[in-house]
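Can you keep this structure in mind? I'll have questions shortly.
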Amino acid sequence: MSVKDKAAVVGIGRTKYYKRGQSFPMTQDEMAIKAITLAIEDAGLQKADVDGFALYSAAIDPGKVAAEMGLANLRFAATLTSGGGGAAGSIGLAAAAVASGMCNYAVSLMTLQQLRHRLGGTQVAPPADPEAAAAMAAMMRTPMTAFSQANIASPGHNFAMITNRHMAQYGTKREHFAAQCIAQRANAIRRPTSIFTEPLTMDDYFNARMISEPLCLFDYTPETDGAVALITTTVDRARDLRQPPAVIAGSANGGTGKHYSLLGSFQMPDESFASGGHRDVAKQAYRMAGIGPADVDVALLYDHFSPMVLMQMEDYGLCPVGESGPFVADGNTAWPNGSIPVNTHGGHLSEGYVIGMTHAYEAVEQVRGTAVNQVEGCEYALFTGGPATIPMSATILRKA
Amino acid sequence: MGTFEHQPPVTLTDPAADDWTQGFWDAAAEGRLAVTRCSSCGTFRLPPGRFCRACGSQEVTYETLPGTGTVFTCTVVRQPLSAQDAAGFEEYVPAVIDADGAPGARFVSAVVDCAPDDVAPGMKVRVVWDRVSDALSLPYWTPE
Amino acid sequence: MSLKDEAAVVGVAVARAEGADAQLAMPDLAIVAANAALADAGLERADVQGFCSPSGVCDHGALASQMGVPEVSFSATLTSGSGGGAGALALAAAAISGGFADVVVTLSRYESAPRSGGTGPNALLRPPPGAAASAYGLSGGPGPDGALSAPAALRSYGAAAALTANAYLHRYGISREHVGRWVVQARANAGEKLSLDDYLAAPLVIDPFSELDAAPGIATSYVAAVVTANVERARDLDQPLVVIAGAATGGSPINGAPWQGPAELVASSGHRDVAADVYGMAGASASDIDVALLADDFSPWVLMQLEDYGFCGVGEGGTFVADGRAVVGGTVAVNTHGGNITDAFARGVTHIDEAVRQLRGTATNQVPDASTALVTGDPGTMPLSAVIMRRA
Amino acid sequence: MTTTEPTAKPFRNMPPPNLTDPYADARTQPFWDAARQEQLLGPKCAQCGTFRMPPSTFCPVCLSRELAWEPLPGTGTVYTFIVVRHPLNPMAADYVPFMPAAIDADGAPGMRFISNVVDCEPEDVRVGMPVRVVWNHVSNTLTLPFWTPV
């Protein structure tokens, strides 16, 4: 009794990816509706078919978007409770929605405009609006705040703490992170959708300014705008639609209770501190899909920061724990000749950041066989959401 | 007491207009009631939003309406709902109006210059304007 | 292929901020409630894998780590609307039948309504101090679309609800006496005294609502927790087996653009599509329902849902109640615990709590051999929701 | 540009100041009272002895709410750290670089203090380096622990 092989992604749509703020004057809802409309066309469906929203990070208000699109009916409207950690898991939520009979065609999407609100910005800079600033100040006046006064104030700071531990514990080097950034950039510049169009060299990487040591500028995802939407339905309905179904073999969203504090107080136990925190999620996803790491043909791993790609490779068993540095430096994750190509679309680091949904889009194209940097004979594509707080997530798509 | 009797305690000063609502406010400044209409399929729509609900087009025109209509539903706010409304509070009549000439689009506003208990669904009304500033005129409705 | 009969409600509990818990913040109160519901089910923290809630309750990850849940494998909420927990239960059933979790904790949180300028308890008729007017996602405030409806000055959720309630009452000629008969019935179900004359004498705040027509503000905050489990797992627990036979969420998109669209849909609870879905999945109809716990932030919602869920014809909700058919022993027992418009709600007796007690045979106002219960979620904000539970 | 007098800093490479009061409640006040006497305490469950930081209401192991404060020797090791080079807001510009760190405190197994390494250069800090606590008297109600190389 699980969603294994019961649902499939049948439609994908996306807007252009813009440098931060350049999608204005469009609104986030407007970009979402454009991406959904393209996904409906891609699937060969009608607008009236769409009746569910399986989201993460509460990307939109489904009632408002359904009204603005003139959808006939809305029968499912739920969201995973975390931010980017839920990206891959939202496709699993869509599978649960259609397999449970609660709706027929579920949209999963992210839409993002970073004109005024920068996700990577500091978490302590008071918001401009005085009322919100006062409310935030009031929230800080609790007995727990004084116990975390280290000024660790942004996602980059948090993941640099974990990266530094990994480097000390396993001897991982900045050259290893650079190798992954360079491999992904090489994939991105072959794609018209990518924000970056020039190759990245070791010199570029080591000449770049340090932001939160050991993370330099190129270890950080660029901040971009855009929207990506996917449509999921049951495998029976998927058969007679326009595209080959990308079957959902397995999915998981959750995490480990003791690993929860990775963006807060850093109390994670020694055995999982220097990791992506995905080990339980990986176990759950592989168990549902009935496969293991060796079956994965391409991995689209959430890369808000380059070291977290290496740590997820260890969490998902794509290489032994502690050995992701040399494994990447030896070219194993490069396309087309790597043993396990990682982020064939260039990922957040080089193609564009829409909080993980570009990874979902690439996973569908890989199992359809239509990706720009296609992995020959790709049968299983793994894509993940976060490292982040609970829930993080993973979904495994299979060629029909 | 605002421009009208039983005028709601409205405090809006900036309509935050975008390309899909500016036409409404331009017409309002000239005392004309206009409604968003899809340029490709002619469907009227409120609230404007950026897409036609019927055909998905983003192209709009603004159709000037006769400025008459019928109360679809209404209510009467009998007590101030927040401290800021208490000073000089008057009962007021929020109402949803079926505007003549725009089938399928209803205006959400209020009926003014009449006894609140006289207002009921089906009542014939016409638009009147409260000029808040040069750039902003707000539409209210009053019995014909 | 559906979630029918694959999940069961195995534990319910409420934790109120009083006594030793009086100073607890809501996330900590949620830990107390979750553990009490697990005890009711005979389960341990380590058994828990999933968390579901109506929108915006608390950070499930923080809850799991602080309460010592070792591994989470599902964490979701509805996108908006309280759904009174019915929608979150539907989500839990979908997670269980989807193989994401065997045991799911659902949390609904009710915070004490801040005093609104001292003019009365209801947080629904009046906005909490400082809160921007917001209703149905429609606000006379910010945003290009919202500005167009600013003239209506819909300061509170109740002001918007009043426009829908009046559309319904006027369309079908239903009087405040009819609505009053329901409010008196609800109070009696909760063991509270109210006469029709008292009801009619209460001053109106926003037509057709007096203070007695809307859920009162909560004096003492509480969190209601429900534990749902895979039906095989539930069979070897001690509580009587209460299975989720059907679940549906959603509603008509016109709710996203309030009062636009066909008049008979606007003048309704918006639940007609949800009703068709939940009955369809459960293979049931109105006549199979022994007890209906209908979401009632506002008294007319009960009359409107009696019609949308097929207990009577369209427009007949008022006479249905007036003829005494909504009582234990009538056509269907409705809100046997009183519901949200009574002080029972303020004390923490929720619709799901009452449904489970009725099916376990432990309710105060017990329906003899109750075997099928319908629970619906709050009309007005999307998504609406409904669950049918059956004593297996 | 006129040269501004550099802000008086009690410690080299310390982080930008933030709170000036601990907003303590009865449960956490003992930590801040001891801090003002430059004595380091570790929060642990009075029932099962498990240390937990921050001292949340419930012990995740046994759910007890009783909190006990264990006197600690004030020494420890750097479990991990970062060097903040880029100031995230103008106020921090005077303070970069500074070194936030997670410190394994001796005598408090299974719990780390989140603080800063101060009074040394960024290049001196290593994962695993022994450190000792030093006290930053921010106000008459708040004294914050920092850590410096032994």
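Going in written order, the chains are labelled A, B, C and D, and every chain counts its residues from 1.
Basically, a contact is a pair of C-beta atoms (placed from the backbone, for glycine too) under 8 Å apart; a residue touches a chain by one contact, two chains touch by 3 or more.
Everything quoted here is computed from the prediction, not taken from an experiment.
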Starting at chain B, how many touch steps does it take at minimum to reach chain D? 2
Identity of the chain that, by mean CA position, is farthest from chain B: D
Name whichever of A-D and A-B has more C-beta pairs touching across its two chains. A-D
For chain C and chain D, let me know how many angstrom lie between their CA-based centres, rounded off. 45
Chain centres from averaged Cα atoms put chain A and chain D apart, in whole Å, by 33
Nearest whole angstrom, what separates the Cα centre of chain A from the Cα centre of chain C? 34
Touching two or more other chains - residues of chain C: 65, 68, 257, 260
Residues of chain A that touch two or more other chains: which are they? 67-70, 257
Which chain B residues sit where two or more other chains touch them? 18, 49
Check the chains against each other and report every pair that touches. A-B, A-C, A-D, B-C, C-D
Where on chain C is chain D touching in the complex? 24-25, 28, 31, 35, 65-68
Looking at the complex, which residues from chain B come into contact with chain C? 8-10, 12, 14-18, 20-21, 24, 45-49, 72-83, 85-86, 92, 94-96, 104-110, 120-121, 130, 138-140
Complex interface listing, chain D residues touching chain A: 15-16, 18-19, 21-25, 27-28, 32, 52-56, 60, 79-86, 88-89, 92, 97-98, 100-102, 110-112, 114-116, 122, 126-128, 142, 144
Name, in rising order, each residue of chain A that touches chain B in their complex. 25, 27, 29-30, 33, 37, 47, 67-70
Residues of chain A touching chain C in the complex: 1-4, 6, 51-53, 55, 58, 61-82, 92-93, 95-97, 99-103, 131, 234, 251-258, 260-261, 280, 284, 288, 389-391
